[in-house]
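Both of the next two complexes hold chain A, though its partner changes from chain B to chain C.
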Partner chain A sequence: MKSLTTIADFLRARFPIEKMNLQSMLMKKEVPIHKMSWAYYLGGLTLLFFTIQVITGLLLLFYYQPTVNEAYDSVKFISDKVPGGAVIRNLHAWTSSAMILTAILHLLTTFAMKAFEKPREVTWGTGVLLLFITYTFGFTGYLLPWHQLSVNATKVGLQFIGAVGQYLPGSLSELPNKLIEIIQGGPSIGQETLSRFYAIHVVILPLAIFAILGAHLLSVQLHGMSKGVDEKPKIKEPFFPNFLIKDFSLWAIAFLILFILAITIPFESFFSFPLVEPYNALGSTPEGIKPEWYFYFIYYPMELLPFWVIIIIMILLVLGLFLVPKIFSGTSRKTLTFIAIIAFIYFVTMTVFGQQIFELIKGGHS
Partner chain B sequence: MHDYFLFIGLPYVALFSLIAGTVYRFNSKKFSISSLSSQFLEKEKLLWGSVPWHIGIITILGGHIVAFTMPSFLQALVSNVKILYTFEALGLTFALFAFCGLIILFVRRLRNARIQAVTSNMDLVILSLLTIQILLGILIASLYRWGASWSTHTLAPYIQSIFSFRPDITYITNMPFVVKAHIAVAWLIILLIPFSRLIHVFALPLEYLFRLPQIVVWNSRRQEESVITAQIESESRRFFLKAAFGITSGLILFITGIADKIIPFFRGPELSKGEKGELLKQKLQKMKATIKQKELETERLTKDFIYISDLKNLKTDEGIYFIDYQMKPALAFKGDNGLPILYSAKCTHLGCTVTNKVKEGALLCPCHVSHFNIKTGDVIDGPAPKPLPKVKHILMDANNHIVVNIDKSKLDEYKVYIVKGENT
Partner chain C sequence: MKKSQFIYIFLLLLVYSFELNAYAYPEFYEYSRKVSGRNTNCALCHTHGDGPEGFEEGQIKSLNKAEMERLMRARSAFQPGIKVKSPILNAFGNHIIYKIGKKKFLELKSHPENLPKELGFKSDLDRDGIPDAQEYLDGTLAISKEDGDPKKLFIANIRINIKHIILAILSVSLMFFGFVALLKGIHLKTKLNNSNGGDKNEKI
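After this line comes the complex of A and B, so read on.
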């Protein structure tokens, strides 16, 4: 009985009913102005990119066919034949990268600004979940064009789960492989996998993300922007309309940039041709199979370090992210900023120079 | 003879008068550069007269300037009949618009006693000339159709010849009287600009459109406050209008752009028969490949032995890809002893397909650069944890009997089969 009250009290503090009205959530909300104020725009930007993804994704559904036979050709049909199809597909690809980028920056800046402090633990937790969902979006969406790169990268990605088996005792060691078969729907990647990934990408994840995003945005509006700096911020501006107008202006600029990118640079131009040929189950895997750039920060260490180290790091990272409000409750924002900068530098280094570091350490194989 | 006077002499006199007169007036009587507005004497009629007149005449003059400065451009434009009609129709509309405004202004000046008091003779001359000029213009537009087209190679060269000091009136002399009159009156009006209130064309108050409203502040505490409120109100109104204008045009552009992409996207491509045929052909090929794939699957589910290749077709340095019982790629080579070697081609590291070319006695997995020994399948280097598994096989002779004792002399007759259940 006592624990029930505790839970109720916890929820009451995180979702105060007396604040659930337009007056308090929109009209009276204020945004502090200080040297980190720019970080307040990153969440909104991610939201914009998510909206673009929903709209362009829906449009792509009109022509995409999720079968092993038709997937590649239907994507090609969208790019080559459907009027405006190339732009819409390209926008979907570019925006996916942009969304992950802003989501990561949003995570790092909110961490540095200690925006997870009581009563904002729910905001943080849902935010971390949203980031994982976004990554899953990226992983599942990657398979859908069904070209060499997408299928083989998915294959490699899934095999990492199987590699966990070697550290499990006895009959448990077969469990990860069983898990892969469940995800794949069969012993190898085929039609079942495509159907599953398609369902996950276009139905399950959107449903999940809408629910969690709702909780995330609700708690953001309920508690207002966190103050973000250790000293008390002197100047504040009203959220409506001042901050919102700036937010929308930024959205307009971001959309313009993305649209220009989508019109001028095909996303596939970053891959060499054999990688975007239709997937061939019988032929040899072409060289240069890599996951998308946003996986590099974990992919290159996987290539370099013993696998059990990676498993430990991964478990610690995931647990750590969810437990941030507990672990860092007493840390000053200065220290948090330092940690965030270190994490950012690591992420950038691995993303940009991962390949060079890998070759440097492993030496050149012919 | 009078042609020379009207179309060469008069123009130069008019231009000289315009330049010299204007410079003189700007230097000596600076404060007379004004339209001598009579707005404070009478407002109502002025609004209905002045606004249409100015909108109409500025548009008409703009059209004339385009025709005289860029004749070839205009010619190219109006060679499209629809544009020509539009151009002429707009010209006539604005001329009538200006004419109505001018008539209202004229009547106002003649009937209102307060305005009469400030009307000079020059005002009446200018008003009459403008009325005549507009009427002549409307007459030309209706009597001698498509002036936008014919003026570009008759009147435009004349005007340009005047300004390049090589006057040429060949095209003018044979023009109808109305056109000639229109030109002559035009020069006359130009001549009179410095001597009349028309001088205000040089005092274009463009900044009125953008400057903040000026409000007279009275010397009284109470009114001062109301003036400040009025100022804030009008300022915020201007700001709101600007913002609303910007956002609306932005949204219109945005929606137009989006619609331009989305509507054709929904409508789908309009393919030619050739393209449709090409697409269908590709689809058929894919379907055939699928049929083959399904056949392979059924074969593996139902048969105990599956034919891979004749032994004589296998090579030592290049493997043949085939599908094993798990529907995964595998490779068949010929060993040094002339007998087949079959490996699963699925890399034991992360499941990529290894290459079929043997280089320096090794097979390469391109994903993470693992090398496998071609003779044993063992890992030479790279991250692969286990050797490539061998695929169990049997040989059959020409009569489809399983070979138990290998006869080295009959190797070329043998066929390689993989066996169900015994594969790793």
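After this line comes the complex of A and C, so read on.
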């Protein structure tokens, strides 16, 4: 009974009913102005990119065929024959990367600004969940074009899950392989895998993200923006309409940049062409198979370090992210900013120079 | 059978089997690979990425009679200006034969670096804004508008799509202008309503 009361109190403090009205959530809301104010726009940008993802994704659904025989051709058809198809597809691809980038930056700046403090633990927790879902969107969506790169990169990704088995005791060691079979829908990647990834990408993940995003946005609006800096912010501006107008102006600029990128640079021009040929199950794995750029921060360490080290790091990272409000409750914003900067530098270094670092240490191609 | 007849039939069979052999001429994609640093392969000019030998679609042993005739016609197009449609070559491969002829093409085997000059920089089969000869040097497919050097594609497509870009900027700006006016209007109305409501309350 006592624990139930504790839970109810916790929820009441995080979702105060008295604040659930337009006046409190929109009209009276204020945004602090200080040196880190730019970071308040990152969440909104991520939301914009998600909206673009939903709209372009729905349009792609009209033509995409989720079968191993037709997937590649249907994607080619969208790009080559459907009016505006190439732009929609490129917009979907460019926006997915933009969404992951802003989601990561949003997480790091939120951490640096200590926006996970009581009563914002739920905002933080749902935010971390949203980041994981966004990554899963990226992983499942990557397979759908069914070309050499997408299928082989997915195989590599799934192999990492299988490799965990060697560190598990007894019959548990079989668990990762069973999990792979469940994900693949069989002993190897094929039609069942494509069907499952398609269902996860277009139904399961959107449902999950809508539910969690709802809780996340509600929590943000109920508690307002965190003060963000150690000292009390001297200046504040109204959320409505001042901040919202600035937010929308940024949305307009971001959309235009993405549109220009989508209309001028096909996303696949960054891959060498044998990799974007249709997947050949009987052929050998082509050179240069790599996951998408946003996995490099974990992919290159996986290639360089013993796998058990990676497992420990991953477990600590995932647990640590969820437990941030507990672990860093007493830490100053200066220290948090320092940690966030280090994490950002590591992410950028691995993303941009990961290949060079790998070649320098291992002296070959990954 | 006379000895001369036997030799004649033997030579004929030899020529025929020689004709059926597939040639990939890797000198060209190897040069492209060298100058571009990209993993180019036979798909640069051939229908099949592994080249013309094999049983798969676009490979020599899968061809039917009509395709075989088209292949022979392409192989005998020694002079430039003859339109060919070889089933083992892609549009770029066929364009090379049309533009310079098989004879010149075979001569270039020892100097693959001269191919772009011979082709010229006017033809752009995929209409991506990058000439075919340049795509050969960049190690990108001349028949795919999705494949090209990103920087060159950006510049070329800006030029091609400038009207669309201007229209997009105009429409987004107008939408933004309208939306901001709407937000300001709502804000003003709410303020007015609040102040009117406030006055009434005070009176009451």
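Criterion: the second predicted complex is superposed on the first by the 363 of 366 C-alpha atoms of A that agree within 3 Å, B and C clash if a C-alpha of one lies under 4 Å from a C-alpha of the other, contacts with A are read in each partner's own complex, and residues count from 1 in each chain.
Assume a contact is a pair of C-beta atoms (placed from the backbone, for glycine too) under 8 Å apart; a residue touches a chain by one contact, two chains touch by 3 or more.
Because the structure is predicted, anything quoted here is derived from the model rather than measured.
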First, second, both or neither for A:L59, with chain B first and chain C second: first
First, second, both or neither for A:E287, with chain B first and chain C second: both
Partner chain in contact with A:P274 - chain B first, chain C second, else both or neither: second
First, second, both or neither for A:I260, with chain B first and chain C second: second
First (chain B), second (chain C), both or neither touched by A:A252: both
Common ground on chain A, meaning residues reached by chain C in one complex and by chain B in the other: 252, 283, 286-288
In the complex, chain A residues that touch chain C: 27, 79-80, 86, 240-241, 244-245, 248-249, 252, 255-256, 259-260, 263-266, 268-270, 272-277, 283, 286-288
Residue ranges of chain C touching chain A (in the complex, touch as defined): 38-41, 43, 49-50, 139-141, 144-150, 153-154, 157-158, 161, 164-165, 168-169, 172-173, 175-176, 179-180, 183-184, 186-187, 190
Contact footprint of chain B on chain A as seen in their complex: 59, 62-63, 68-70, 73, 77, 81-85, 87-88, 152, 155-156, 159-160, 163, 166, 187-188, 252, 281-289, 303, 365
For the chain B and chain A complex, residues of the former touching the latter: 250, 260-262, 264-269, 271, 275, 279, 282-283, 286-287, 289-290, 293, 321, 323, 326-329, 345, 349-356, 365-369, 371, 381-383, 385
